[in-house]
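Just so it is clear, A, B, C and D label the chains in written order, and each chain counts residues from 1 on its own.
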Amino acid sequence: MESIGFIGLGKMGSAMAGSLLRAGFKLQVYNRTPEKAAALVAQGAKLAHEPSDTAQPGGIVITMLANDRAVEDVVDGDRGFVERLGPGGIHLSMSTVSPRLAHRLAEQHERYGVEYVAAPVFGRPEAAAARKLWICLSGSTTAKQRVRPILDSIGQGTFDFGEESAAAHVVKLTGNFLLASAIEALAEAFVFGEKNGIDRNSLADVLGGTLFACPAYQTYASAIAQQLFRPAGFTVELGLKDVDLVLQTAADSRTPLPLAGLLHDRFLAAVAKGRGDFDWSSVWLESAENAGLSVDDKHVE
Amino acid sequence: MESIGFIGLGKMGSAMAGSLLRAGFKLQVYNRTPEKAAALVAQGAKLAHEPSDTAQPGGIVITMLANDRAVEDVVDGDRGFVERLGPGGIHLSMSTVSPRLAHRLAEQHERYGVEYVAAPVFGRPEAAAARKLWICLSGSTTAKQRVRPILDSIGQGTFDFGEESAAAHVVKLTGNFLLASAIEALAEAFVFGEKNGIDRNSLADVLGGTLFACPAYQTYASAIAQQLFRPAGFTVELGLKDVDLVLQTAADSRTPLPLAGLLHDRFLAAVAKGRGDFDWSSVWLESAENAGLSVDDKHVE
Amino acid sequence: MESIGFIGLGKMGSAMAGSLLRAGFKLQVYNRTPEKAAALVAQGAKLAHEPSDTAQPGGIVITMLANDRAVEDVVDGDRGFVERLGPGGIHLSMSTVSPRLAHRLAEQHERYGVEYVAAPVFGRPEAAAARKLWICLSGSTTAKQRVRPILDSIGQGTFDFGEESAAAHVVKLTGNFLLASAIEALAEAFVFGEKNGIDRNSLADVLGGTLFACPAYQTYASAIAQQLFRPAGFTVELGLKDVDLVLQTAADSRTPLPLAGLLHDRFLAAVAKGRGDFDWSSVWLESAENAGLSVDDKHVE
Amino acid sequence: MESIGFIGLGKMGSAMAGSLLRAGFKLQVYNRTPEKAAALVAQGAKLAHEPSDTAQPGGIVITMLANDRAVEDVVDGDRGFVERLGPGGIHLSMSTVSPRLAHRLAEQHERYGVEYVAAPVFGRPEAAAARKLWICLSGSTTAKQRVRPILDSIGQGTFDFGEESAAAHVVKLTGNFLLASAIEALAEAFVFGEKNGIDRNSLADVLGGTLFACPAYQTYASAIAQQLFRPAGFTVELGLKDVDLVLQTAADSRTPLPLAGLLHDRFLAAVAKGRGDFDWSSVWLESAENAGLSVDDKHVE
């Protein structure tokens, strides 16, 4: 089993690293706040004190971080891992980052003989712990073969989108755009129902039981019906970040996306009103307020 | 078994009436163009020459028609069935019509002692023939009990939305709004993918196989991936009609629905360009043209 | 001087009728609530007790009413003026009504030998009293010639849009759409400025003094800068009515107008929040609330 | 008279520099392609070979460049002018740049003792040559006093927005947002008119002669009526750049601006279709195509 570097030990990263340890991989883990590594160290991971310490020459380093900047911070500079990883090395990039960054990193990595493999995931931390993630993959064929055992230890399925470094990230953003769109549609639908006398729970039942019998709709219809907006599974702020990556990528590729523009406005309004840490299904509140409904704060807590 | 009037023998109506005949109901059927009744008559239905001829005093008449006006045409006037249906009668209204019309008919029917029961359905003609429709129901408790055997002979499940005459129609419109929203989101997503080098079929696979493993998304993602926009399962023009009923009902209840406004613009553009009879998933073409993609007419045929 | 019927004595109608009396015309005036006719009767107008009493056979009747329905109410039926007006008569229709109604009335009038001339106006009541209105005109050439002296007694200029009965109404709606659009743009601009530390009055000065040195922008920039939303010069509800006529006419002619859709949502939100009787420049409040600004109710009163 | 550095000799910059020379200022001018300086050198300007050569210690340097990056390129680094300008110096920043850049430059300049004064302008090159620009100003009081004679030699009026370094840039962006909004509104209005049989030139006459008798509306209504989209006075690409600066600044300040989102989509669609170098009033073409009108390419040339 290869020894692997793993950077980024938030909820998702920790769950994924745990699955890898259980599958028998040796991990050198790094997190900006090292306390988060404790549980993994107890399971056998070795704690690295700098990003560069996670890398073995010619080895593999996985990143699972919050945004573009966090990835750039562990890649570049004296402390960064790319130079040490060097010829034959692979950067397995599993965060949701911009295609723009993927292009830039792929070029930069090449100068060090490192390959960039994109492998962002769909799924929540529980899915990561249970090896139930879905993985989108793109990169060179040989590199993808080499990381296969890693991905098989985390996910229940992998979808291959070819050799282009940014492709898998585009697909991940597409998925998040569709989730956000489904939430906005549900939010408007439930406000429409409410203003016309329809019971929220009955509406959630018919939608989740018939036309939209899939987890995304069932989860969010239920959250809206029961007004369960805190604690967040995925925050408004993260939703806004992803929609803005979609809009950036769409502008770069000259693709007007009016629905993404609408989502941007909704999430931005929620942030402006102090709801950035609510679950992103809470955009129901924005639709509701614009329809003159008085929002029940008791449910919001 | 009750003898029932059935008005409206389009694809959906014919399939529903067929299921009722097979379940043992006696039907008096009416259609503006009587030729469409031939197959049902061969199965034992009796052909009525006027809408009023479908009604037995105190009986039940089902309507399954294209729009508000078509329903009004068979209800009112000398030829209409309501007066003849009279005290104890039930009008079982299964078309997708406006809540505004439902309110008006419920009031008008009351003057003749007739009850209005709303029971619009989700599903395609094949589902209707296979008794697999989903039914939304609202009306008085006694009337709903009386029509139960009819609904059980057509659908696989019924969702009750209380006593208000328009309620089930609101839910039906909500469902169609969500379907149209899903199509718009998919259309933008596929154009976004295409402009960024993602293969359409691979994208359809990952979406339908993971986040959105439900028939609505699978059907429309596949139609867009393969550019199968004709013949239409449900036309752009019918989509526009339903979105406009949503907007009308939303305006009446003072509910801003920006996503519905966007859908209206998309479908209207498609109609303006001569694509009114394409499948409503063809709004992909609108997004694609606005992104500067050249549309492949060969696939469109 | 011809004897003229004048129906509709709201603020605009009364001011216009006053100008006509001062110009020497004889008027038979009608209003649903006859009290509003008192000042005009004191100036020499004759009070009619039914719409039909305003008409002389072969004469001219002017309508200046709030909406389509109000016009229909005085035209049709036993009390309506069209039958009595009869061959050679002219209905000079100066209200802001739908092109759809204009088409219908023109056809119906023709059966009585009456010509429909559209002549909606731009301007406030003060402009009407000072003969400073701008008039859009369409109808047959001979009928337009005959009403010329009337229009010259009310307006400072007339723009001819040909023979088509609805044309002038289309232009009137276009103007109101542009006004509403300017208000929405100003509302967003002022909220943008406010969130970035720009003084509202300074912003109004630079806009009204440079790029947009025209009354529409100066009026609304000043109203927003000083938060003078009540009493209304033109209410949110009337704005919504006109935007909805634009959307109806656009749908009939298959014209997607995304900006009109946005205006509909804004005005509808304002009505939903109980601000229907505020000035339409108060849509600033909608933008401000969505940006998380706390609205100052003291200014709103 | 002070000796002044002037960087950026496009159409606007050259016209402004010419006015300064005529007013008696001594100029050191710089442009990336020095050929554009020839006419000014003939009028007495001195040609600088590096941005830093334009600066006198403690003097004033004016920048009038195309975008943020162009300004950064002449400020920073060995060739940049800020270090040489040094204590007591003023950077008079007249380009349309982002408030975000203004904040960053103001901080950076401070380390060298240089003051940042924002003074973006409204007006076309002809206005610059005729000393008819309108200027928005912000910066420290003393610095603003010192640059006053310069501004008075270029503009017909200056609007002061206080001491905050980015304020004048916010106002400039606000103005361009309002211009773009007016163009979109006119574009939709003219398409609406066209689909309803209204002559374009007659519509331009009534709008420019009554409600919107100000140069912005008259210019763009006339351009749309006559379909004069090339050569561009201001291109779609520049319009998109400015709208995107508005959206960036709005996101930074948490201000949802749905109309700006709509403008982004329109301009982006035009760029996607290869119309980036058309005049920004050509977004009429986008509305027209979405309404099914066939665009007349002869007029477009």
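Heads up, the rule we're going with is that a contact is a pair of C-beta atoms (placed from the backbone, for glycine too) under 8 Å apart; a residue touches a chain by one contact, two chains touch by 3 or more.
All figures in this text were calculated on a predicted structure; none of them were measured in a lab.
K.L.:
Among all the other chains, which ones are in touch with both subunit A and subunit D?
P.N.:
Chains in contact with subunit A as well as subunit D: B, C.
K.L.:
Report which of B-C and B-D is connected by more C-beta pairs in contact.
P.N.:
More contacting C-beta pairs are found at B-C.
K.L.:
Based on the averaged CA atom positions, which chain is farthest from subunit B?
P.N.:
Taking each chain's C-alpha mean as its centre, the farthest from subunit B is D.
K.L.:
Between subunit A and subunit B, tell me the centre distance in angstrom, where each centre is the average of that chain's C-alpha atoms.
P.N.:
The computed centroid separation for subunit A versus subunit B comes out at 37 Å.
K.L.:
Round to the nearest whole Å and give the separation of the Cα centres of subunit B and subunit D.
P.N.:
Averaging C-alpha atoms per chain gives centres 53 Å apart.
K.L.:
How far is the middle of subunit B from the middle of subunit C, if each middle is the mean of its Cα atoms, in Å?
P.N.:
Chain centres of subunit B and subunit C, defined by C-alpha means, are spaced 39 Å apart.
K.L.:
Note the residues in subunit B that touch 2 or more other chains, in rising order.
P.N.:
Within subunit B, residues 250, 254-258, 262, 265, 269, 272, 290-292 contact more than one other chain.
K.L.:
Sort out for me which residues of subunit B touch subunit D in the complex.
P.N.:
258, 265, 269, 272-274, 286, 289-292
K.L.:
Which part of subunit B faces subunit C closely enough to touch in the complex?
P.N.:
Residues 244, 250-251, 254-258, 261-262, 264-266, 268-269, 271-272 of subunit B touch subunit C in their complex.
K.L.:
Enumerate the contact residues on subunit A facing subunit B in the complex.
P.N.:
Those residues of subunit A that touch subunit B are 99, 122, 134, 136, 157, 159-162, 164, 166-167, 170-171, 174-175, 177-179, 181-182, 184-186, 188-189, 191-193, 195-199, 202-203, 205-207, 209-217, 246, 249-250, 253-260, 262, 287, 290-292.
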